[in-house]
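In this document, chain identifiers A, B, C, D, E and F correspond to the written order of the chains, with residue numbering beginning at 1 in each.
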Amino acid sequence: MRKDGRANNMIRPIKITKNYLKYPEGSALIELGETKVICSVTVEDKVPPFLKGHGTGWITAEYSMLPRANEVRKVRDSVKGKIDGRSHEIQRLIGRALRSAVDLKKIGERTLWIDCDVIQADGGTRVASIIGAFVAVYLSLAKLTLKESPIKDFVAAISVGMVDAVPMIDLNYDEDSKAEVDMNFVITGKGEFVEIQGTGESRSFTQDEFEKMKNLAIKGVEKIIELQKKVLGSSE
Amino acid sequence: MRKDGRANNMIRPIKITKNYLKYPEGSALIELGETKVICSVTVEDKVPPFLKGHGTGWITAEYSMLPRANEVRKVRDSVKGKIDGRSHEIQRLIGRALRSAVDLKKIGERTLWIDCDVIQADGGTRVASIIGAFVAVYLSLAKLTLKESPIKDFVAAISVGMVDAVPMIDLNYDEDSKAEVDMNFVITGKGEFVEIQGTGESRSFTQDEFEKMKNLAIKGVEKIIELQKKVLGSSE
Amino acid sequence: MRKDGRANNMIRPIKITKNYLKYPEGSALIELGETKVICSVTVEDKVPPFLKGHGTGWITAEYSMLPRANEVRKVRDSVKGKIDGRSHEIQRLIGRALRSAVDLKKIGERTLWIDCDVIQADGGTRVASIIGAFVAVYLSLAKLTLKESPIKDFVAAISVGMVDAVPMIDLNYDEDSKAEVDMNFVITGKGEFVEIQGTGESRSFTQDEFEKMKNLAIKGVEKIIELQKKVLGSSE
Amino acid sequence: MRKDGRANNMIRPIKITKNYLKYPEGSALIELGETKVICSVTVEDKVPPFLKGHGTGWITAEYSMLPRANEVRKVRDSVKGKIDGRSHEIQRLIGRALRSAVDLKKIGERTLWIDCDVIQADGGTRVASIIGAFVAVYLSLAKLTLKESPIKDFVAAISVGMVDAVPMIDLNYDEDSKAEVDMNFVITGKGEFVEIQGTGESRSFTQDEFEKMKNLAIKGVEKIIELQKKVLGSSE
Amino acid sequence: MRKDGRANNMIRPIKITKNYLKYPEGSALIELGETKVICSVTVEDKVPPFLKGHGTGWITAEYSMLPRANEVRKVRDSVKGKIDGRSHEIQRLIGRALRSAVDLKKIGERTLWIDCDVIQADGGTRVASIIGAFVAVYLSLAKLTLKESPIKDFVAAISVGMVDAVPMIDLNYDEDSKAEVDMNFVITGKGEFVEIQGTGESRSFTQDEFEKMKNLAIKGVEKIIELQKKVLGSSE
Amino acid sequence: MRKDGRANNMIRPIKITKNYLKYPEGSALIELGETKVICSVTVEDKVPPFLKGHGTGWITAEYSMLPRANEVRKVRDSVKGKIDGRSHEIQRLIGRALRSAVDLKKIGERTLWIDCDVIQADGGTRVASIIGAFVAVYLSLAKLTLKESPIKDFVAAISVGMVDAVPMIDLNYDEDSKAEVDMNFVITGKGEFVEIQGTGESRSFTQDEFEKMKNLAIKGVEKIIELQKKVLGSSE
């Protein structure tokens, strides 16, 4: 059993607060265990230059952490004058994940700016960002007057890994620090893959280990998407 | 009467959530009406080069807004590669305000990093930051083993202004936008000034108008400091 | 009596050289004691995007110091790649002060760029900048063909402070370094306030102390505006 | 059959020129079809601060493209003043891949700086970089006097994807542009995974499609590692 | 005799590979002894703002070194976030040299972007860049449909210097490091000067020394231009 | 005759104000016709890392223009976040020129920071900077207690050019704008060259033209050095 009492195939409690902020077109506070991320969506009535006149929309994401979201204070990117490599990588991932969930032609020449700001980080900030961003995007699109729903499918994400040679889902910060293998899956409501990212941190991993992690992830995302549906369906 | 039903000498409801974050040495979420700021304090066991070996500590502050804390999305400073002028000005103010409340010699060669991150902005973000930062600083200092309390006095702040030629306290965003004069006062528990900032936005202002705004501010800060004391005194 | 022989209510000698530079539409070298600032004004026939089509003008300011304007050489902002916080704060103050003196509607869709470059710094660089910038702005506007004068009122500024518990005007660098309280007032020809900035550097200050400093400032600015009028009235 | 006559499971011709540059401790020019990357390794006798005194080494990578490596000229990162997100992501991948191949404890407190500079880009620049970087790292380590070989295993990488619903290996630029799914595998000599990156560009992908791409990649890397061994074994 | 066996008036072997890259409108790899530079030319169908509507073209150059082109690894400009002073100086020189060779009116409103990327540096990188850039520019212009040839004259460059009080041509890195005087000449096919740059590194130099270096340079460039003609004349 | 009445071999009036600033170890305001440059020297008791422990000193220079030193306002480098290419080139030239005049071993492990700030630009700012910087350096060295004078020789500089096919000395801005050839010479008191920079702006130039410009420069610098000697010899 894991330090916090979870079984290896058990995800931490997830709480999603819809419309957490007053101004954005869509927003959510997502809590995945102790990890907390504010996701907001801004709808802008224009697209980047490379899409102008193509009749299609765009979705882009930015990801950042408050300086003291972690055990140790991190210097702000604005002070360093540049975005760090890890944030770049994560925000590109969030953008791709959400673009896969939305039919960009159906939103017209609009850009959705997703902002994921991590308030507190205890592992899984990128997957929490994707789960929350989907909710915020969904809410923002519901406010537009469109002929058809541009949502192609639900999308969620989860981390899995090998810790002490055991496959586990939804690693918290401590588990993540000692994981030998670290993976993130972005998966649709139909159970298809949008993104697979796996890294052997301290060793390479076998095909068999990959299979076990993959299966944990598929089942985990199923449950998360159920929750997203419940949250978005409720009138509260 | 004001749009939100307040009298001209009435401050919006203030709610302070102590220890809002898990990792920082001190933290607070402050809500001043719809304005919400996360304040966190990191205690570092060293001082900037100019203070090394002087046996005294230092307090510095950083202030930032989430991109969609406002009606319109703001480009992140990290994307522009520099901190904007307004943020610079505000974080310097927060630093001065908090340094005035603490006897830096009594904290030894330590630096307190204050981070004020505005989650939602409806006017008064700089004064909310100071009110919340005081709470977070107080909490962080209580965790240190020090011979004597380094707190010299309580400190709080409030905005006042002339709106349609009427002196008013604690302007929200709408009132602030049409204010002719905009002032911020930082005041101690003894009722002395730490900082006075006043700007005639659309016109200059008379000595008499100044007197009226000053008196509103003095009384307003008194009430806020009472609240800080209550929050810090409670065991919750 | 003060080190340089001045009474506490006495301003250092001010010398203003009109049209100090050949190219700008308006310029002045101002010497406030040993403090020297070159002020220049560039008139551009367009306004920033947020004002386009509103039929109104804009005034903005930039403030900088030569690297060796001070006792110790300062690294250039261009080498650090960013403007420091103090310069930001000062140039925003200069901009606000001058915008208060000019009816922006009467200058049409033009921008006045004020450049204040400190050649030598012996305290009071920001107030010297405002005094000199007013002269340079006045000269530049006189060259435009406008229906009515856009000057609403004269504007000048002065510093005051508490040094060894004594209220004093126009602090030089040495006095400023040991001042307990440091204030800057921007005041119009009619004696109204445009800007009040006061900071308790090493301690908070009382309402009574504030009154004394305020009165020193009001009388000081009166004399400075007399000088500005004399300089601008002379044909030399 | 593919436009360039290859079967779907066929990799483009690979040419590796060892010791391509005169100065670096290790270097290689790798040509993967028309894609050309110069890989060089610099051995520095110190480690980053976070590793000082741990008796272990470090490997880090930088990746860049010449401005006209592509059909369209790209503005240099040095002109924009920052590294773009894609380069960040790729150089982090290269670093992780090579760290997995080397026992960092066995190289002592040294840093290997890998530079991958793309001279010409026709798809697969990140996998070509990893293949070439392994050769350059191997050569640079051979020059050090170490008790034991720090090479844990060979490492290589290849891209696979779904193009018109057909699984294919080693996509060139044209194929990559129209691929529905795009994956990169980093695999060891033992056939274990170091890194799996898969993205559904225009649609999600099924478990079955993943299996087919994975199998193509495993066989492809086997052949590439044979080539690396041949190149490194030859005395030329 | 020199270390590498050359007489003092002897240039190192030059090898120019035309059309070295696949994508640029013109390109060349130039090898001057061990110095290797990739020169590429991109033709863009617009000009910088200051030339718009003048019916004339523009040529601009960028110069950079791979991090390990030298004995010691250099931090990338993109990591430092700015171009270093030496690169700035060299790329301005390359731009001026090539603009002197081309009648900009005859190329119409087009910009030629020259990129010189030093792969390996053993002295003379700036003159090698100019020699190679001329070839790349020539090739790129030959692809345009123009009424008249815009080439006014051939242009090449060479370094000369005083080493141990002896005038020498085409210094390699070792010679350059100990040269007392370092000069670069850019000279046309007619033997006229386009650019003269001479620096007394460790001492000043006499008029007589200047004459000797100048004569070496004139004869050296004659031979280089012969080579350029041969390379450009060949059909290979 | 030239527009301002000068003969072709005549330099504009030069005025040098010694000790123009209060704080720097050495300073001068130089006026070359309408061109005005403030030169200051800061003596720092340490050297850059690459010279530490070598018992030798260093001289480095920075060059900048006030935004409105020219006809048209220039955006500050600090606003753009980087130093422009032209300034880089000029400050490197000033540094080399002054290092040639001083025996760096005789100043010990000290750095001389030269700051040349152009207040008004009417052609020849770089040569004016060198002339004034020599005076400021000389004054700063005179304040140090050294065994022997570190001044090896006087150094000055002047521009020459071909304007309408006529060789001329000391071009002002108008002449410089239409010059076909533009040269700068840095020459010692003994008449030896420290630096030669010549550019064919709109055409190449012949050996004969070069000879004429060179002779103008040699005679011009002789006169400037006489003036430097007079200024530095006077007790005023």
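Here is the rule we use: contacts are C-beta pairs under 8 Å (C-beta built on N, C-alpha and C of every residue); 3 or more make two chains touch, one makes a residue touch a chain.
Only a predicted model underlies this, so the values are computations on that prediction, with no experimental measurement involved.
If you take chain B and chain D together, the chains in touch with both are A.
The minimum number of touch steps separating chain A from chain D is 1.
Set against the C-alpha centre of chain D, every other chain centre is closer than that of C.
Centre-to-centre separation of chain D and chain F, using mean CA positions: 51 Å. One finds 59 Å separating the Cα centroids of chain B and chain E.
Separating the centre of chain C from that of chain F, both taken as means of CA atoms, is a distance of 33 Å.
Chain contacts: chain B has residues 81-83 touching two or more partner chains. Taken pairwise by the contact criterion, the protein chains form one closed cycle in which every chain touches exactly two others. Traced around the ring of touching chains, beginning at chain D and stepping first to chain E, the chains run D, E, F, C, B, A. On the chain C side of its complex with chain B, the touching residues are 82-83, 85-86, 88-89, 91-92, 96, 100, 153, 183, 187-188, 190-200, 203-207, 210, 214. Interface residues of chain B, counted against chain A in their complex, comprise 21-24, 27, 34, 38, 40, 42, 44, 62, 64, 66-71, 73, 76-83, 113, 115, 117, 119-120, 122.
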